[in-house]
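Look at the two complexes coming up: subunit A is in both, with subunit B in one and subunit C in the other.
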Partner chain A sequence: MTTFLDNIFNGLALGAVYALVALGFVIIFKASGVMNFAHGSLLLLGGYLTAVFHDDLGFAGALAVAVLVTAAVAGAMDRFLLHAGGTDPHTAHVQTIVTIGVDIVILTDLSRRIGGDLLSLGDPWGDSVSGLGPVTVADSRIAAIVVSTVVIAGVFALFRYTSWGLSLRASAEDVEAAALMGVRLVRIRTLAWCLAGALAALAAVFLAAFPAPGLERTTGQIALKAFPAAILGGMASPPGALAGSLLIGLTEALVAGYQSDLHILGEGFGDVAPYAVMVLVLLVRPTGLFGGKAAVRV
Partner chain B sequence: MSERLSRARAVRLGWTFAAVVVLCALPFYLDAFWLRIGLFSMAAAVGAVGLGLLSGTAGQLSLGHAFFLAVGAYGYVWLAGEPGPGLPTALAAVLAVLLAGVAGGLFSPVAGRVRGVYLGVATLALVFLGHHVLLTADSVTGGFNGRSVPPLEVGGFSFSADSELSLLGVPFGAEERLWYLGLALFAITWFTARGLLRGRPGRALVALRDSETAAAVMGVDVSRYRSAAFVVSSMYAGLAGVMLALAFRRVVPDYFGLVLSVDYLAMIVIGGLGSVAGATAGAVFVTALPLLMTRYADQLPLVAAPGTTDGAVGPTEAARYLYGAAIVLILLFAPDGLHGLVRRLRARLRSRRTAPPPADAASPSQPPASAVRAKEPTP
Partner chain C sequence: MPEAPPDEERALRVEGLDVTYGRALSALRSVSLTVPHGTVVALLGANGAGKTTLLRAVSGTLRLHRGAVTAGRIRYGTTELDGRDPVAAVRAGVVQVPEGRRVFAGLTVDENLRSGGLGLGRRRPAQVAEARDRVFTLFPRLAERTRQAAGLLSGGEQQMLAIGRALMAAPRLLLLDEPSLGLAPQMVYRIAEVVREINAQGTAVLLVEQNAGMALSLADTAHVLEVGEVRLSGPADELARTDAVRRLYLGETTETTDTTDTTDTPDTPDTPDTTETTTETTDAGDITRAAGTTEGQGAA
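Then we have the complex of A and B:
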């Protein structure tokens, strides 16, 4: 029973972090129709900046710098590199490939700087643990759940109550109508990219915190697991991304936790289990759990 | 008019002939390094043509190309090798291509229903699940260390350096022999793919890409064509996998990762979606650039020699920087890729020389690549 609770808790913590990343994907996709392949390197950039600055600025200051800079880089990427075809949705696939190019450049540079090192982010939780009923959990995991919940609630409030959120939802619904209503598409889009970048930088902190050994150059690859999370929920639905992330996190933690009973699937199946779950879900629901049926107008 | 057309055809035939002669003569003059670049480029071109058919023409985003390459490569190695059935190598190569097609067919329940980004990420799953299988199914795949590739033999002629052979005083090792094999397979790919694209299936796929509903109304069987595109593309990938395995002489799981899929996607977009020539150009560009960069790193400014550490930019990294930057720049200035760039240049040259009737600017038999991005009429 304790093992089960342990695994559930790990899954929730993992899912909460995936949710930060997946939400970023979904926001970008809603705003620009682009699948952002550079998300992993944005995440790594956020983590790297926190690691570099935490000696001088303290953890909170370093994190603030990292979040701001990553948001700025994401915004700049959208503004300067992804406007080749304007906001025409039919150029989205070309822009998707441009993000691959950007990802290669950023990732190469960060890998070169990080090398084989494990960077500490200097987070305040360290390796302390707390007892939560029958299970013992790492403080960093509790922090991951709490912070993610608060931040995600904040983002949803942004969607719901601000004029930016309204404009974003309107332009995701119908670009032309939104433009005619005076929505400044370019600004909405760039802000969406900034927000997604900030979320990625924040997620990096929890991915590198205990019990993970620290920030390594492969940390960014974890962003790839947010792809199935976002798809599971339906790419255009933020609450769906949340549900998908929790599902992916729980799947991964449970499969990894009971690996000895699942040895027939091979070692390390926990890492790929999210993809198996995603394929099964897509077989039944081709647009994800929360994705609506697309109506086609002829 | 017909006189001019036949003259254009003669000119084109002449160019094709010249290209074939040059390509066939190259092994007599180039050393193994360049021939290897050529081999990898040809294999990549075959795979890229397959992906171009699927993602460019049919509009089905696939990130799973590496998986089908792996099926082809490992299929060949297992079928021809020990442990495995130990079939004759030529038969094993054909069966490996078919096996990749079957793998694509097995995916058709997903490929026929799932669309757009969803399909892209679903195929991403193939890469990760496939990689996992390659690592764990030791008895077939050899696990982490992979397996060595048995050389191909056709009618007693071995495509390896086992037997002595020299032509016109040039020793023919594995690279020289594989070069001609690669050329032949690439020629087959080129003509079959162009035939497919220009014929009825190609039109059906283009119609599907532009509007599924309209295509269905016109009598195109949507899910059948979607699945068929996947099967055909997987077979090209399987063939590319066999060619890569023969060129590498060893297959390892880590090669067939997401990076490879992304590279193939980059090839077809850099080359220009929806054209065989574009896919080929993109494949050569993406394959040759890192190899050339690594080789000539010491002559480039700002690049350190391989092996030096402490944060200097090594040749591999420099190649990656340049590769990433090239993707961004090409697409920034030519969103329709190298193929579109060449076509526009050619049209400009032609209009400067003569003032042709506008119908002449784009050859009617070839759908313009810009159709990919053409805005659908708003209802």
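Then we have the complex of A and C:
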């Protein structure tokens, strides 16, 4: 029973971190119709910057720098590399391919810098643990859940109550009608990329924190697990991304926790599980959990 | 906003406008028209005549369709609008209601209305409340449905919401693209009333319509576009009496002309002269026709 609760808790913590990444995917997709394959390297960039600066600036300062710089890089990537063609809405697929190229460039450079090292991010939780009822959990995971919940609630409030959020949702529904209302499409879109970059940098902290050994050059690949989370949520639905992330997190934790009972599926099935879940969900609901076509009366 | 400028500074002036799509397809050729302050101007024409293109040029959305203004100018008052982005038009007080309503289906009625004010940036809550009250007075039905998703409204309600959304920006000139499209006759009548009311409140309207009967009954002046050029212009009531308009746009059979004409497909570029040679009703003095237009060039 304790193992089960352990696994559930770990799953929630993982899911909370995936949600930060998946929400970034969804925000970018909503704003620009682009699947950002460079999201993993943005995440790695955020983690790397935190690791480099935490000696001089302290953890909080380093994290602030990392979040700001990653947001700026994401925004600049949109503005200068993807969006050079203007507000033409027909080029999203081309831009998606461009993100693959950007990913390779950033990843190659960061891999060269990180090499085979394991970088510590200097987070305040270290390897301390707390007793939570019958289970013992890492403080970093509690922090992951708390911080993600607060940040995601903040992002949802942005969507709902600010004119940026309204502009983003309106232009995701109908670019031309939004333009006619005077929505500044380019600005809204670039801000969306910045926000997604900031979320990725934040997620890096929790992916590198205990019980993970630290930041390594492959940490960015974890973003790939948030990808099925975003897709099975419906790709354009923030609540869907949340549900998808929790589902993926729980699946991964449970599969890893009961690995010995699941050895018939082979070693390391935990890495495959997110994709298996995605395929199963999409078989039943091809548009994703929350991706059902918007209610439209004709 | 400053106190109201003189009327001549609140007129839309389109002069010698040429619009081309994809650098090749000519959609408008030297189109000129004026929408004076506080009037209703109707723009008639068949599908593909360039009516929507003209609205796009004014509202700055040509670029979304890979179109561009290649000659001429568009001004609202003293503000140049050609080549500007849609924000410039909204800020100048020129707001378009797109064809086919295009409400944000997944957003609530309230959010749709809020989105109408996005182009103006931060506004005082009192201004927003005033604009909203005006919309709810015009369309009481929207006030009852503020929390409902816009996609679940009926077609007529969606058209009201689309107009209401545009009114949230407190426009001085409203560009209406086919507001009667796909609506039941009763609802068309209701929309016509609404246009009249909006105009009575001091907002000028440029009305693009295929329903020529409705448009001409509302408008002060009217223009007829044919394959990208203004063919006829004049006071709406006089235009409504000309044979050409009656035959082509009001669906009436005229007694004065050969009936075989009416069964022809109207207004193809090959048979333009039927319009020219038709005997006009006598008092069409104010109607100007495009002189010496050559036909047969690339249709848009």
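By definition in this document, the second predicted complex is superposed on the first by the 291 of 298 C-alpha atoms of A that agree within 3 Å, B and C clash if a C-alpha of one lies under 4 Å from a C-alpha of the other, contacts with A are read in each partner's own complex, and residues count from 1 in each chain.
Just so it is clear, a contact is a pair of C-beta atoms (placed from the backbone, for glycine too) under 8 Å apart; a residue touches a chain by one contact, two chains touch by 3 or more.
Computed from a prediction, not measured in an experiment: that's the story for all the values here.
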- prompt: On subunit A, do subunit B and subunit C fit together or clash when superposed?
  reply: fit
Field: Which superposed partner A:Leu180 touches (first subunit B, second subunit C, both, neither)
entry: second
Query: For A:Asp78, is the partner it touches subunit B (first), subunit C (second), both, or none of the two (neither)?
result: neither
Query: In the superposed arrangement, does subunit B or subunit C reach more residues of subunit A?
result: B
Message: Quick one: is A:Ala276 in contact with subunit B, with subunit C, with both, or with neither? Answer first, second, both or neither.
response: first
Field: Angular separation of subunit B and subunit C about subunit A, which is computed from CA centres of the superposed model and rounded to the nearest 10 °
entry: 80
Task: Answer with first, second, both or neither: which of subunit B and subunit C does A:Leu224 touch in the superposed model?
output: first
Query: Regarding the shared-chain residue A:Ser163, is it in contact with subunit B (first), subunit C (second), both, or neither?
result: second
Task: Please indicate which partner A:Thr91 is in contact with in the superposed arrangement: first for subunit B, second for subunit C, both, or neither.
output: first
Message: With the superposition applied, I'd like the minimum CA-CA separation between subunit B and subunit C in Å.
response: 7
Message: Show me the subunit A residues, by the header's touch rule, that subunit B contacts in one structure and subunit C contacts in the other.
response: 88, 176, 296-297
- request: Could you pull out which subunit A residues touch subunit B in their complex?
  value: 29, 35, 37, 81, 84-85, 88, 90-91, 93-95, 97-98, 100-105, 108-109, 111-113, 115, 176, 224, 227-228, 230-231, 235, 266-269, 271-272, 275-276, 278-279, 282-283, 286-288, 291, 296-298
Message: Under the stated contact criterion, what part of subunit C meets subunit A in this complex?
response: 59-61, 63-64, 66, 85-87, 89-91, 95-98, 102-107, 111, 114-120, 149, 151-154, 165-166, 169
Field: subunit A partner contacts - residues on subunit B that touch it in the complex
entry: 61, 109-110, 113-115, 117-118, 120-122, 124-125, 128-129, 131-133, 135-137, 211-214, 217, 258, 262, 265-266, 269, 309, 311, 313-314, 317, 320-321, 323-328, 331-333, 335, 372-376, 378-379
- line: So, in the complex, the side of subunit A touching subunit C is made of residues 86-89, 163, 166-167, 169-170, 173-184, 294-297
